[in-house]
Amino acid sequence: MSSISGEKIKISVFGESHGKAVGVVIDGLPPGIEIDSDKIRAEMERRRPGQDRFTTPRNESDDVEIISGVFNGYTTGTPLCGIIGNTDVKSKDYDAMKNLMRPGHADYTGYIRYGGFADYRGGGHFSGRLTAPIVFAGAIAYQYLQKKGITIGTHILKIGSIDDEPLNAADIPADILNKFRGMRFPVVSPGIEEKIKEEIDNARRDLDSVGGILETAVVNVPAGLGSPMFNSVESKLSAFVFSIPAVKGIEFGSGFGFAQMRGSEANDQFTADGKTVKTATNHTGGINGGMTNGMPIVFRTVFRPTPSIGKPQRALDISKMESTELKIQGRHDPCIAVRAVPVLDAAAALVFMDLLL
Amino acid sequence: MSSISGEKIKISVFGESHGKAVGVVIDGLPPGIEIDSDKIRAEMERRRPGQDRFTTPRNESDDVEIISGVFNGYTTGTPLCGIIGNTDVKSKDYDAMKNLMRPGHADYTGYIRYGGFADYRGGGHFSGRLTAPIVFAGAIAYQYLQKKGITIGTHILKIGSIDDEPLNAADIPADILNKFRGMRFPVVSPGIEEKIKEEIDNARRDLDSVGGILETAVVNVPAGLGSPMFNSVESKLSAFVFSIPAVKGIEFGSGFGFAQMRGSEANDQFTADGKTVKTATNHTGGINGGMTNGMPIVFRTVFRPTPSIGKPQRALDISKMESTELKIQGRHDPCIAVRAVPVLDAAAALVFMDLLL
Amino acid sequence: MSSISGEKIKISVFGESHGKAVGVVIDGLPPGIEIDSDKIRAEMERRRPGQDRFTTPRNESDDVEIISGVFNGYTTGTPLCGIIGNTDVKSKDYDAMKNLMRPGHADYTGYIRYGGFADYRGGGHFSGRLTAPIVFAGAIAYQYLQKKGITIGTHILKIGSIDDEPLNAADIPADILNKFRGMRFPVVSPGIEEKIKEEIDNARRDLDSVGGILETAVVNVPAGLGSPMFNSVESKLSAFVFSIPAVKGIEFGSGFGFAQMRGSEANDQFTADGKTVKTATNHTGGINGGMTNGMPIVFRTVFRPTPSIGKPQRALDISKMESTELKIQGRHDPCIAVRAVPVLDAAAALVFMDLLL
Amino acid sequence: MSSISGEKIKISVFGESHGKAVGVVIDGLPPGIEIDSDKIRAEMERRRPGQDRFTTPRNESDDVEIISGVFNGYTTGTPLCGIIGNTDVKSKDYDAMKNLMRPGHADYTGYIRYGGFADYRGGGHFSGRLTAPIVFAGAIAYQYLQKKGITIGTHILKIGSIDDEPLNAADIPADILNKFRGMRFPVVSPGIEEKIKEEIDNARRDLDSVGGILETAVVNVPAGLGSPMFNSVESKLSAFVFSIPAVKGIEFGSGFGFAQMRGSEANDQFTADGKTVKTATNHTGGINGGMTNGMPIVFRTVFRPTPSIGKPQRALDISKMESTELKIQGRHDPCIAVRAVPVLDAAAALVFMDLLL
């Protein structure tokens, strides 16, 4: 199985980068979620390529055609299928590369896994384009979560050598997360946006790409979601997040920083604030023993630099088992992390909807 | 659902820290795996508490009683149930703490999630003791993998401020992994073991605990395992690893280090070595697009410091919604990361067996 | 979850009778299945409505648009999505019936289950039209099975008071099953077709409908497929078959006839035919202890009469909680069992493909 | 996977007929179900062998040891493991039969499926003894359902040539179902019990066995449970019921009788009874379009005659590929259907609990 996720909500993603369309079937949605097309369009717009020099020049409108599961503006509760056409496809770019196993790509692993039958054009089913249906599904999930008062947002924490300020996990106002959703380069520190753009521009000018870290928060989550062990909140979030192409690490709360900490420092003390239970600090990122404790959920995700770069590289010609020069002619993102901001919001929305149902 | 994992192999873990026993049902095992009891015992021994001052003084023999699924020394292919008795249980230690929500523990989240019905003694089902059946299941999976030539091993990369040398991901001999399995404090650098012990001893003497990072490698894995998207190797490994208590982050290959890298640097170039495809570097940790590429799988896992510490802390008495002093009297590990070494080996074995079937 | 089935192959069905389209995503297909469009079209044609007076006059071309998962004529191994447009839709027929809970239909249960948000037009997601994507998916599965030498076929065993001859379960040539696939009214006995048509015609003329029983066989299945208990072949087949609208019973081999039998009569004796193991009789329908024994799989499925009939009936107006006269104006099948023949073939193909993978 | 079932509640059954024990892990149980040990014992007693001449002389106490998941008399919400020891085991009876493929048994299919590694003693994991843990799990589920006012009961509808009266599906009082639970030979018609005993006794005296049909009802089920298509109530019930050894058919409501009916006759008319929606007749067995309609659920299950009979038969010696005489010396039930009454109650309880959660 490759492309089905979720326990109560199952999302089944399909499509190839240069096929007719990509899309998703969402099964298990509750009936009666009001579908706000403008909000869906806004989310799709956040991920859409071709908007400026920081993303791939491939220009897709990314309009979603809803085939089923919505009636008179509300979800029916039966499977919802949304389809996003591929319109700006230039497959000629890829034909010459059929046998070339590019570094950093899934060409070789997909070749072995699928016995040479996979659609190799533009990464096929392994392409970042498959995140478009995830953003669509997440937009619907988020409409459900917003009615419950939950807010989700993601900012750029690091691109190359440029660092933004981390969120204060113990106190994250919903406002700042909403603000992130309106920014093309969501950051906490004023002024850092220009430095990030410069960092990406430098990579682009060098015909290269650059990696990055995103920080995501989910606030106003009720306590007691998730389960110990295999359905821990961390297990569910990480399983989903690692399905996003280019993700290579995830950490919750103080994450890898815990290694240097003492228990007395790491332990978040529970206190009563009237009838509400809170913690003074939030090193644990809102999750104890795999279950939410009511504090903000905070996690950070690292994205490798886009493997497609303009710089000459060497690839393996699998038909000859010989190394050969590779000059990638396609259109690519100099920093995939930036484009992934709405994808992480969508992933978090889908996982928390699944947890809440 | 809390405690079932896997796609082809399902493992269903049960038990509480201070109940009769903990155990596991493994469903979907292939028939005909020869069960070597000595190897199982050796694995259990690696995780067993009560062995020295670096682990909890709770002393359990951790003998496994196999109830079903093994006949004449081989797996039958029908469900295998193994049970590990709890013998050294001192529940009096915990009675006074029924209403105390300890910092860093799953007391509060479990209280909300299970409506006050959970067994609170010694962490109940949320205890690290539940890793014993995972180690048992992993020992069986490893016997399967060894026949296929696969080797798995884990070393301590960091405890507090003490760092071991990372493995060279592009070239990991099976021998070093086997050596790790024989060491109580598996490390790469000679001499670092003593420093680690000292770091833990310092924490213990301060009635405190300390965190750490483990590095795990799996070598001789065939290419083409896993799937893009939701069943990526990273998704499956991370979902399992985050079910281990105290884990707060995971990274594959260069992991969080990718943030600072350029694509030209991060891309591992494929080359032909006779009929074998290899990569010169292994930043990606053996996984491209969610599928194995035949190079060593490398991942790092961070463990928070044990929340149970002897130092006085404050807890929330949920019955009075009041903060109160907490002096934990139970027996605990000053550094849970060290005990987790065989648990990570077991997790990796179970995930790779599932991928191979 | 409503519409996802399968263990290794997951099929996710979507769509509503009077929406834009119905369709299916098939996840887990092996790569390299050659797609023969003519065979798919032939299967769709067998189920297609509007062909004669024995089926609903709704006239759909039922062309399938493959969106993903096929490249250069072969399955890629990544999710295959096929969409079948709804073209001959007359929704005006249904608008007046929004609040009418028709007898025998899923109007009331769907109304409660989905809180009034379900698409009520033409049965919405609960319509027999949803079997079109199942037939499409089954056509692909059957191309896989045929390469392995497996043949599947279904005949009409009973419509109203007219009985066809049952197959001899111990000896079913592939030829007769292939012949069934070419017949619009597949039967064993010559001459029975006319009587069946007459029986259906009588019901149609009375503005009524009639039920029926179909008998399905699968031959040349290898022994040892399936599992004891919850993944028995009978469990998997029945779970799928009961997802077909109007099915109300299933029996394997001698089925309900076993009640009257003695063990000495019911036991199929195993014998060696050279190196092949056979049974002299096949009361068990090719399945012992939930696993295939290599003999023909035989099962019978009963279909209730189509609930939509022209005869005046009474329905419940749920908005007024009052009974009211109902005269159904839509276009319906006088005998749904006949149309279900290719659906059962498809169901069997999908289940056996799942078992073989 | 062989032995895991359920969507929200997963039950994982393990054990072999002549191993140490059989048992079950129930994962996903809600916390706070009060465990009434007497009720559990009473259910186990209903299934227990060795009680009279109508069941196998194997005498087991069938006491359940609860290992986990219950604390202070209530379910904790974490996995509940119950174990039932095998005490009256006479494996010598079976040793000679290692290579004998008995007619009607899973010997041959299990041999092929598990490559000769399965425990062949007394049917191993394929034995009817595995229904003991199902009855235990069902007893817990039933305590949950009873609090919700749901009643389940099963009676013998037919054994050999003796027929009991079917229930009137449109009107089944909870009382009659409760009465069934207290009877060793639950029947509707007075006087029929003696005839049934005689029928079984005749078979037993002939060293033979006999088949039968059971009719099960579930009353006071809320409307709107289940889903269309693959999670229909019929799909879920049938998948579970076909996991019970010896089941070869199931029908809902009028079942196979629908084949002879006209739509006008088969359609159950919805009417308002105050604020309650009812149907005048209940041909559909309480299920429309795969979802409950609030009327009694009624289904009938057929059991083949026990394959183990004392009469001389012929078996296949797989080591020599030769037919040989078989005289079964073990202890067996002359009519497995009678013993299955509490198993069907348990199956229904587990499925409806899963639907309600």
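A, B, C and D are the chain letters, set down in written order, and residue numbers restart from 1 in every chain.
Following the convention adopted for this analysis, a residue touches a chain if its C-beta (ideal position, glycine included) is under 8 Å from a C-beta of that chain, and two chains touch if they have at least 3 such contacts.
Owing to the predicted nature of the structure, the values given are computational and were not obtained by experimental measurement.
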{"item": "For chain A and chain C, chains touching each", "value": "none"}
{"item": "Most distant chain from chain A by Cα centroid", "value": "D"}
{"item": "Inter-centroid spacing, chain C versus chain B (mean Cα positions, whole Å)", "value": "47"}
{"item": "Whole-Å gap between the CA centroids of chain B and chain D", "value": "39"}
{"item": "For chain A paired with chain B, centre-to-centre distance based on mean C-alpha positions, whole Å", "value": "27"}
{"item": "Sites on chain A at which at least two other chains make contact", "value": "1-4, 13, 78, 113, 125, 228"}
{"item": "All touching chain pairs, where touch follows the definition stated at the start", "value": "A-B, A-C, B-D, C-D"}
{"item": "Residues of chain D that touch chain C when the two form their complex", "value": "1-5, 7, 13, 101, 103-110, 112-113, 125-126, 130, 158-161, 203, 206, 208-213, 223-232, 234-236, 238-240, 242-243, 245, 247-256, 258-272, 275, 277, 279, 283-285, 287-293, 302-309, 311, 313-316, 318, 321-323, 337"}
{"item": "Chain C residues touching chain A - in the complex, by the definition given at the top", "value": "1-4, 8, 10, 12-16, 19-23, 25, 27-28, 31-32, 65, 67-69, 71, 74-81, 83, 113-119, 124-125"}
